[in-house]
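Here's the structure, in structure tokens; my notes come after.
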Amino acid sequence: MSAILLIAIPLLAAFLSILSKKVAPILLLLVGAANIILLMFMPSEVINIGGFALPFGINLFLDSYARIALYLVNGLFFIVTLLNVVEYKKLSSILLVALAALNGLLLTGDLFNLFVFLEIAGIAAYLITTTNKKPLSTFNYLVIGTVGSSLYLFGLIILYGMFGTLNMMDMIHEIQTAGVAYGSLILPFFLMFIGLGIEAKLLPFNAWVKGILKHSNTLSGPMIASVYAAAISLMFGRLIHNLFAFEGKLLTVVLILLVAGVILGEAMAFQSKKAREILLFSSISQACITVLLFVNGIIVWAVYLVIANALSKLVLYLVINRATKETKSDDVDDLQGLFANNILIGIAFTVAALSVMGLPLFVGFVVKLNYLTQLAVAGQLAIVGLILVASLVEGIYFVKLLIKLWYSKDKELNIKFDLPYKAVFAVITFLILLFGIYASPLDSLDNDIDSIQDQIGVIYHG
Amino acid sequence: MKKILGFILTIGLGLLIIFALDSNSSFDDFGFANLSNRVSSHYITKGSNVDIIFGETVNPESGPANIVTSIVVDYRSFDTLGEVTVLFISALGVSLLLGSAVTQKRMSLDFKPNFMLRVGSRALFGIIIMTGVYVTLHGHLTPGGGFPGGTMIASAMLLLYLADDQFRAKIKGFKILEGVAGSLFVIIGLLGLVVGTYFLQNFLPNGTVGDLFSSGIIPIVYILIGLKVGSEISGVIDNFLTEEEAQ
Amino acid sequence: MTTIDSIMLVLSVLLLIIAFLAVSEKKLIKSVIFLSALSMLSVVAFVVLKAPDVALTEAVIGSGLVTALFVFTLLSIKKEEAK
Amino acid sequence: MIQYAAILLMMIGLYGLLTNRNVIKIIVSLNVLEIGLNIFIISIGFVYDGIAPILTSTNNSSALIFVDPLPQALVLTAIVIGVGTTALGLAIVKSIYSKYKTLEIDEVEEQ
């Protein structure tokens, strides 16, 4: 069972789905479920496409890092589509292509192929956000996203001019052996970093996020903030860890950008009065923390942070967007008392929010404790302090939000959540609690995530 | 004022990039690309030590005489599958955004096409279609291939749209063609996985370099791409040239 | 300076001028036509740089199709404006 | 020579993106940026006295220097991706216009 099926089957289904509108949603669900099941039977390996030797053909790369990422992305994708497939039937073909592209992003071992998948995933995302009915924000997203991927391509082409290869492993090998001064790598790496940073919502380059997530619905909100964010952060993490390996002045610049992103994100969330804005600024600062961890080489905990965040954000966005669909406004004051009649939903929301804050008993705490310790060990005390301050701010506004949503003085909101929603919330809440209390499997998995480096060793040195 | 500042800033950035590239010793100077350091040298020699001779060499690693085609549809054919998908999804998006209204009519172009124009465009239509088919079929020998060929076919449709105010193509048929051609591309890829060992493997014999019937699945894939691109772009043109029925 | 160098010099200057006109022109239709001209010039550049495949594709797709789409968009906007 | 022009072309596109507030002009600027990038990619593989990378009855694989074919293959992909985004962008422009009756970003209030 080759991992290529994870990309080929959704694509085939997408091409077939335009022939019949009725079958398309069924195909979408079937393929989504089939992908998760098929993934269990796929061995970890390097897959050559077309049968050409490594640097010449394109290859896919399924290791345990990619496997974790694929389970996460395919699982979340399936949940989100399951909840929305009835309402957004028209988007079935587009969602199938998006699934193929996200799997491709996580699997591909070729840097130009990565660009192609980035564009496909991007175009699918623009189309998913057209359901917000805010064409101007979609337009902004399209323009900024296209500039981002152009910058990535620009950086990549400079690397090609220097090393004459596009394959990720071959490129890393060339950089290690050619003995090029790091100074001449700054320009291409920085261009690629900015290009991908735009997609990954890093602060200085994320003008698109606000318009998109502020008006999001039950499809676009969870899809962009949870599924896409997880996939792009994990792909970005792989590149940062294996290819960029920032050092010297470039490391300082990148760190300053990221820390500024964390602080500004939290500050803007603190100021905001709208539920969805609070969530979106919080997710910006979480994205910055994730990339910060990748830059500092704390891979395992960065991956868990991505997982914990993706789960929590899925719940938060689903609850708020489902509620705003009825209230037509996401002002915190209009949503007061949302959970008075929906205890279960309230508990799920609270658990997810507390986990993002990093309180004990939840998975967020385990992750936060571990990465802060590791940052402290690595000697980045300033960053530890700043993240702690940011967490404090985050705690304040989340508690404020929770109090408002639980208690209301005058009016009562009555919003019914369907059974599938409740089931999803129950499962995710259970997961967050489970890993929060019983953290030893996480601890023991430490350093189990092997990297491309080992693979390069196998290929080039036997 | 803001504009001047922006201009100076961006041009300054450009000069900075130029200087950075200039002082980068491992970045090849313009016009002196060192192909022996690059993977391209493998593509040109097709991975063999012997000379590849047009019209004589039989069954090389990759069949096409046009080396760019051998990269696009053979060595890096997975990129091309992605490229086809990009066009597919943006055509789908255009029809989602513009073609979702229930009643649609042709947008009138505000001029009366005369007899000459109508007949002339029909005559040209055939010639352009023929050129498109030629370019698609010979993609592995001469410059061209499925993408420009398919677009030429679509621009023949565009000509009909422009010459006749009432003309509308049958979009339903295009949809079917598009879906079938795309599926066949993936199925050919999967066939490579079944017949051979790799996805998108060229499982047919490569033949003699330079023959029209050579290089295995590549002409077939290019024909499929041509059909798919042609029908997709015709669909996009139709979507752009229709509007909602005025109430 | 060889012939090819001088061709490239002229081409570079023309590309930059037309590009600047395309982004700074106030009238939309003129801007689109400048973009089409820029695309056509880039076809010449691709030919000079020995890339016939790319030149063919850019000529058909870049300067043909994209310009047509731009013009159609402007046309439908103009018609809607007149209503 | 033309490589520098390509970089400056990209920067002109970027300048257009920063200063223009009209949606059509923004897409035009985006296209300028993409054309600049495409020329830059091709120029990476250019070799003086090189010939186009096509084998013919007079050109064997070892007899002559070819220009680098790989950047050309990449640009083919980039052009098609570019036309995809442009078509989608123009479709979004049409829906912006039918919703807000204007093309200027500053006149749209989307809150």
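First chain written, first letter: the chains are A, B, C and D, and each begins at residue 1.
Heads up, the rule we're going with is that a residue touches a chain if its C-beta (ideal position, glycine included) is under 8 Å from a C-beta of that chain, and two chains touch if they have at least 3 such contacts.
Quantities reported herein were computed from a predicted structural model and do not represent experimental measurements.
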Using the stated contact rule, I'd like to know whether A-D or B-D comes out ahead in C-beta pair count. B-D
Which integer distance in Å separates the CA centroid of chain A from that of chain D? 28
For chain B paired with chain D, centre-to-centre distance based on mean C-alpha positions, whole Å: 15
Could you state the distance in Å from the CA-based centre of chain B to that of chain C? 19
Centre to centre, by mean C-alpha position, how many angstrom separate chain A and chain B? 32
Name the residues of chain B that each touch 2 or more other chains. 17, 21, 28, 33, 38-40, 43, 66, 68, 76, 79, 82-83, 86, 89-90, 93, 97, 143, 147, 236, 240
Among all residues of chain C, those touching at least two other chains are 51-53, 57, 61, 65, 69, 73, 76
Pull out every residue in chain A that's touching 2 or more other chains. 112, 116, 119, 123, 126-127, 130, 160-161, 166
Mind giving me all the chain pairs that touch? A-B, A-D, B-C, B-D, C-D
Name, in rising order, each residue of chain D that touches chain C in their complex. 1-2, 4-5, 8-9, 12-13, 15-16, 19-20, 22, 24-25, 27-29, 31-32, 35-36, 38-39, 42-43, 46, 48, 50-54, 67, 72, 75-76, 79-80, 82-83, 86-87, 90, 93-94, 97-98, 101, 103
Could you list, by residue number, the parts of chain A that touch chain D in their complex? 112, 116, 119, 123, 126-127, 130, 134-139, 142-143, 146-147, 150, 153-154, 157, 160-161, 166, 211
Chain A-touching residues of chain D, taken from the complex the two chains share: 10, 14, 17, 23, 26-27, 30, 33-34, 37, 40-41, 44, 70-71, 74, 77-78, 81, 84-85, 88-89, 92-93, 95-96, 99-100, 105, 108, 110
List the residues on chain A that touch chain B in their complex, please. 2, 4, 8, 11-12, 14-19, 47-53, 55-58, 90-91, 93-94, 97, 100-101, 104, 112-113, 116-117, 119-120, 123-124, 126-127, 130, 158, 160-167, 170, 178, 180, 184, 186-187
Can you check the complex and tell me which residues of chain C touch chain D? 4-5, 8-9, 11-13, 15-16, 19-20, 22-24, 28, 31-32, 35, 38-39, 42, 45-46, 48-54, 57-58, 61-62, 65-66, 69-70, 73-74, 76-77, 80
